[in-house]
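Same chain, two partners: chain A is paired with chain B first, then with chain C.
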Partner chain A sequence: MLAADGTPLKASLARALRRQKLRALMLIAPLLLFVVLTFIAPIVDMLWRSIENQLVPETLPRTVEALKDWNPKSGEVPGEAVFAALAADLQIAVKAKTHTRVASRLNYEQPGIASLFRQSGRKVKRLEEGNYREQFLDMHDGWGSIAVWSTIKRFSGDYTAGYFLNAVDMENTGDGAQFKSEDQQIYLFLFGRTFLLSVTITFTCLLLGYPLAWLLATLPVRTSNLLMILVLLPFWTSLLVRTSAWIVLLQQEGVINDTLVTIGILDDNNRLQMMFNQTGTIIAMTHILLPFMILPLYSVMKTIPPSYVRAAKSLGATDWTAFWRVYFPQSVPGIGAGAILVFIVAIGYYITPELVGGTDGIFISNRIAYHISSSLNWGLGAALGVILLGVVLIFYWTYDKIVGIDNVKLG
Partner chain B sequence: MKLTKLFLGAATAALCVSAVQAQEMTIVSWGGAYSKSQLRAYHEPYMAKNAGVSIINDESAAEAVAKLRAMAEAGNTTWDVVDVVASDAIRLCDEGLAMEIDPETQLAPAPDGTSAADDFGDLMVSECFIPQIVYSTTFGYRSDVAEWGGKEPDDICDVFDLEAFPGKRSLEKRPINNVEWALLCDGVAPDDVYSVLETPEGVDRALAKLGTIRDSVIWWSAGAETPQRLADGEIVMGSTYNGRLFSVIEEQKQPVKMLWDWQVFDLDGWIIPAGLSDERKARALDYIYFATDTQRLADQAKYISYGPARASSAPLVGKHADLGIDMAPHMPTDPDNAKNTLLYNYEFWADYRDDIDAKFQAWLAK
Partner chain C sequence: MADGTGNRAFVEFDRVQKSYDGETLVVKDLNLSIGKGEFLTMLGPSGSGKTTCLMMLAGFETATHGDIKLDGIAINNIPPHKRGIGMVFQNYALFPHMTVGENLAFPLEVRKMSKVETEQKVQRALDMVQMGAFSGRRPAQLSGGQQQRIALARALVFDAELVLMDEPLGALDKQLREHMQYEIKHIHENLGITVVYVTHDQSEALTMSDRIAVFNDGVIQQLAPPPDLYERPDNAFVAQFIGENNKLNGKVIAVDGGTATVELPGDIKVNAHAVNCGGAGQNTMLSIRPERVLLGPDATSNAMEGHVVELIYLGDHIRCRMEVAGNDDFIVKVANSHEHAALKVGERTPLGWVTEDCRALDAV
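Here is the complex of A and B:
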């Protein structure tokens, strides 16, 4: 079949479609560019650090090369050639002031290397030609430690799996990856807790949000608008203000405990511990995330015609059957949207757990924040971030398989 | 013709504006009462002397290390002078993010001619760091606790004594200071604390000692938390920065007293970011020269109870500007307060901070 201009209709249609797609792409191009430049590129750049290790081979190129022939299992400190290479590398690095950078990098793996490099850096200018091994061993005991040398050897590649191993509580001490000792394991435990608490918070949000959203959707407009403002006002209030308000309410000398003691329900010496633990985190975060549950639920419930429930009842269904068989299935897309929103926001939360979580209510994000802003171990922070992102994507994928992402509605 | 003139005029105006902007200087500090004391002791007199300069206050000192690193990587450092604690200054210097300072030429000598290097003495803990104040992390306790039967804690080990001094305590949610105090009260001699801590067994020993009071501890991460909890009666004693306790005791008149035993001295001061343009560097250095001279450091103590870092400033410390009370007895460096002290061990913590912190956090989480 041919189109009016003589070309095959199929080709002509395809061309028209292509043109349309191109036009649509042009329309969203500014936004796309903006997202790529300000969102995706920085994230990829940050996550890249979880495997990157170029600092070591770039700063100590000769040492890294010379160490290739050394076997940590020999039980002996490397020979003169390695120390001569180290002397040459350090002399250049000290001039460029990069020796302390590589030292803080290696110190993450082996405590003590930071001061070893810093102290040696001051003395390296005074090194004399020849017999470097002896001179370095005189300079600092650390150079006689097998652990120090095998750390340098292990982290001499351009890329490393070390950060990821660390992020799952493992280490590679030379004979394969294995779990760290019990008292140093923390991240897997925190991942588990973050997940459990986020699920709990999602459920409490659903439990509290569902009836409220139903009320909002069924009440007359004037009343429901008023209620809506009550939902939105806290939503617009600063996160810190709301968290601090919960501290005032829930702490042991706080409003709730004081009231309970005054009316005689509680003894003054047995005040409830509701803050600085998991309870505090769950209460405060449920309150903060509640609007994320209510709003999608509300907008979906708004579209369910009330006549369906009336019809069910007129056909003889009880209140419960009418709700469970007719109303509830239609509100599921709202539950899906709300639950996904709340869960994903919760899993990455850190300010509220930091303030009210005490010791057993903190999340994995608190450790990520620590490594990004305090310890400056960005590689480990990035590795933890990659894992967290991966976990979220897996959940999303599972959700899509089980419920179907097309069934999620925000309104 | 007219249009060209208009353009020229606009261009000149724009140039003038940028010239005026070039006189702006961004100084980063901690905010709150501390920034206020710097504003009154340093910024205001400096701006009065240098009419063209205007100082912009940024309060992100708590994230300064991470932000400076990010700025340096992006090649756009927008800060001119940054207030950091000494351990952060050492790290910034290590990473090549702060500029090295020559105390002989770039800092003011004392009024009697002593060089700045001698005047600051041992407190210049890094080549990039110009110390400003000595502060301490120490304990405050409520003086109205009925269960204590009139006794008051006067020994650091009273913090670990739940029988004589029951009640909640608050400690910082990090190992630094806490593990030292724990070992001191576990019978380790002060000189041996760090050699014990270097071993894994030493860390376990410190954590075990902390474990004896763990159920009575609320952990803090912001310096304002302990004073707030003391005032609320949520805790009976807690560690924090001495200046915060001063304001609870003297400004808010709460029933709180100081426990100075084994306070840990630490330093706070300035660094200048590396890689500033010559013009900005010159301006930052000019400000530093002015703000760290003997009189200026002594002036800051009029507004906050932190000790000046110069030896020559100590005799000049006077009365509080608003309260009119004598500041000397409130200084951590006052001989009566400084009978037993530790100085933050920069070398040790630079090496072991991440390692011990991981163990400490694992211990806390379980």
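Here is the complex of A and C:
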């Protein structure tokens, strides 16, 4: 197709639209820049950290090179060449004070390596020329351990799957990936619990939110506006304040327990444990996430004309039949939208489980936070985060396939 | 056909009042009897309380005062689903998540009818509205007219004796609307059901109804068969609302039997049929239909002079706008015949009417 001046129509349309597009782009440029810098870049960095392993080959280049000829299956400690390389690497590393970082990195994989490196680091200056193997073996028993050397060899590449294996309670002991022994497994269980608690919270939100959303959608505008303000009030209150309020209410010396004891329903020695466990997490998070359920439900219910239920009744349906066969099916998109919102927000929640979850009510994100800020095992934290992100994306994708993401509306 | 006077009433509103807010009455003292098999239309401007009346009858609103009786039994306390009244809603209210067949089967299923019987009835109802082939479609896949038919079939499928329709044709285009008017009328005649029909479209009401109740401001202004309503309006509102009407405001000088002598502005004295005009000295509104005005040599009685302001050629007749007795919006329909073809704008011509054709009504 050609335009009046003979140029292809597509090209002249594109030219006509270019200015518009350019202006649109300039309007969103600040936001785009902000998002790239504060959101996308950190995520990419996190993805990167979960697999990168350059610390080992960079700090111990000669050792890594020399270890290529060594086979862990031989059952023997590496030969003189490897120890000579190690001596050279360590001397440089100690001067640059980088050996402790390699030490802690390798210690994640093989506990004990940290102290091996630190102790040897102090003595490495006194090494004499020649016969390094014997001198190292004298220095620390650890250098005679096949396990230590095979760990170093396994983590000598630029990239590693070690963090991810760890994140799903697996390890690579030299003959392929396998699950750790039962008593060392924690993450899979934690993922499972995060999932189950999120499902429970989604469900309680639905149970509490559905009737309220219905009320909001059917009441006269003035009353429903007032109710809506009450629904949104939690949104405008600090998360910490709300969570602390729950602690005040639910703890063992808290308002609810005190009241129950005072009116004689509970024995003073038998106070209910409603805080610092899963119950506490479920109660507090349900309260916090309730608006995410109510708003999409409300926006869908508002579009269901009251004449449907009236029609059903005029056709002979009882109140319940009219609700169940006519109203409910039409509110399903709202349920789907609310459920996916609550679930996705819940599964990555951190602050509330941290404050009220105790030990058995914490989520995977609390573990991630622990690795980022306390154990400083960023690689593992990143791997856990990537898995969590993947799970959320899978849910999101499934939801889109089944219900269609267009149905998610807020108000 | 029952007309609500002879037979016992099938539906009866007995001094019914309704208020939503406790301050104003939306329906004021409504008395209305509808005979079995009758097609009664509630006609009135928007906001006059028609839907409210229908909703009270269907059970979705409660009357603030008075009784509503169905077949002699007060139904005020019977919930809607037990009243067995079919209803066609303005937006059809077809359940969007069910197919056409499922929509029609719904009232039968809730009545626990057997599968075989349900299928038969659904098919019969669909055939009745010529939609037999559409059972598997969703409402969204149908045109407006088709949805209308399905809504009608659904209200009829469970053999309701009384069917309510609230502006069921309001969303259709003119041609389809006229077509559906005839179809609904035929179905009503074939099934012998009682229909209470709400509309604000007077031509629709005139075409379809046995009787029309003209509503205004929560009060029935007149209840009469269509010809009466047009030919013999009881009051100024009905005269103005139904069909085209010329109004002339004046003062009653004398009433003698059924004839009122009225003085119009410009010292013109005319006679009119006294209907609702009070006694001497009262203000009145004279109502005369445009096609009943006589012009030129025909204007022998009640003669005065009219001033032609505008002529609109409409083929079979000419609409002539005139200034008469201070009213410059006086319309006369002139037959397109040889004698009358000579009217010109600016001309003055004699004008009059037969006393019986001009009704002296209440002043508004």
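As a convention for this text, the second predicted complex is superposed on the first by the 367 of 411 C-alpha atoms of A that agree within 3 Å, B and C clash if a C-alpha of one lies under 4 Å from a C-alpha of the other, contacts with A are read in each partner's own complex, and residues count from 1 in each chain.
As a convention for this text, a residue touches a chain if its C-beta (ideal position, glycine included) is under 8 Å from a C-beta of that chain, and two chains touch if they have at least 3 such contacts.
All of these numbers come straight from a predicted model, not from anything done at the bench.
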Chain B versus chain C as contact partner of A:360, first or second or both or neither: first
Partner chain in contact with A:329 - chain B first, chain C second, else both or neither: second
Partner chain(s) touched by A:373 [first = chain B, second = chain C, both, neither]: first
First, second, both or neither for A:307, with chain B first and chain C second: second
Partner chain(s) touched by A:97 [first = chain B, second = chain C, both, neither]: first
Those residues of chain A which chain B touches in one complex and chain C touches in the other: none
Chain C residues within the chain A interface of the complex: 58-60, 79-87, 89-91, 93, 95-97, 106-107, 110-111, 154-155, 158
Parts of chain A lying in touch with chain C, wherever the complex brings them together: 305, 307-308, 310-319, 321-322, 325-326, 329-330
Chain B partner contacts - residues on chain A that touch it in the complex: 97-98, 100-101, 103-104, 107-108, 111-115, 118, 183-186, 189-190, 193, 251-253, 276, 354-355, 358-360, 362, 367, 370, 372-377
Parts of chain B lying in touch with chain A, wherever the complex brings them together: 62-63, 65-66, 69, 91, 93-96, 168, 173, 204, 218-219, 221, 232-234, 347, 350-355, 357-359, 361-366
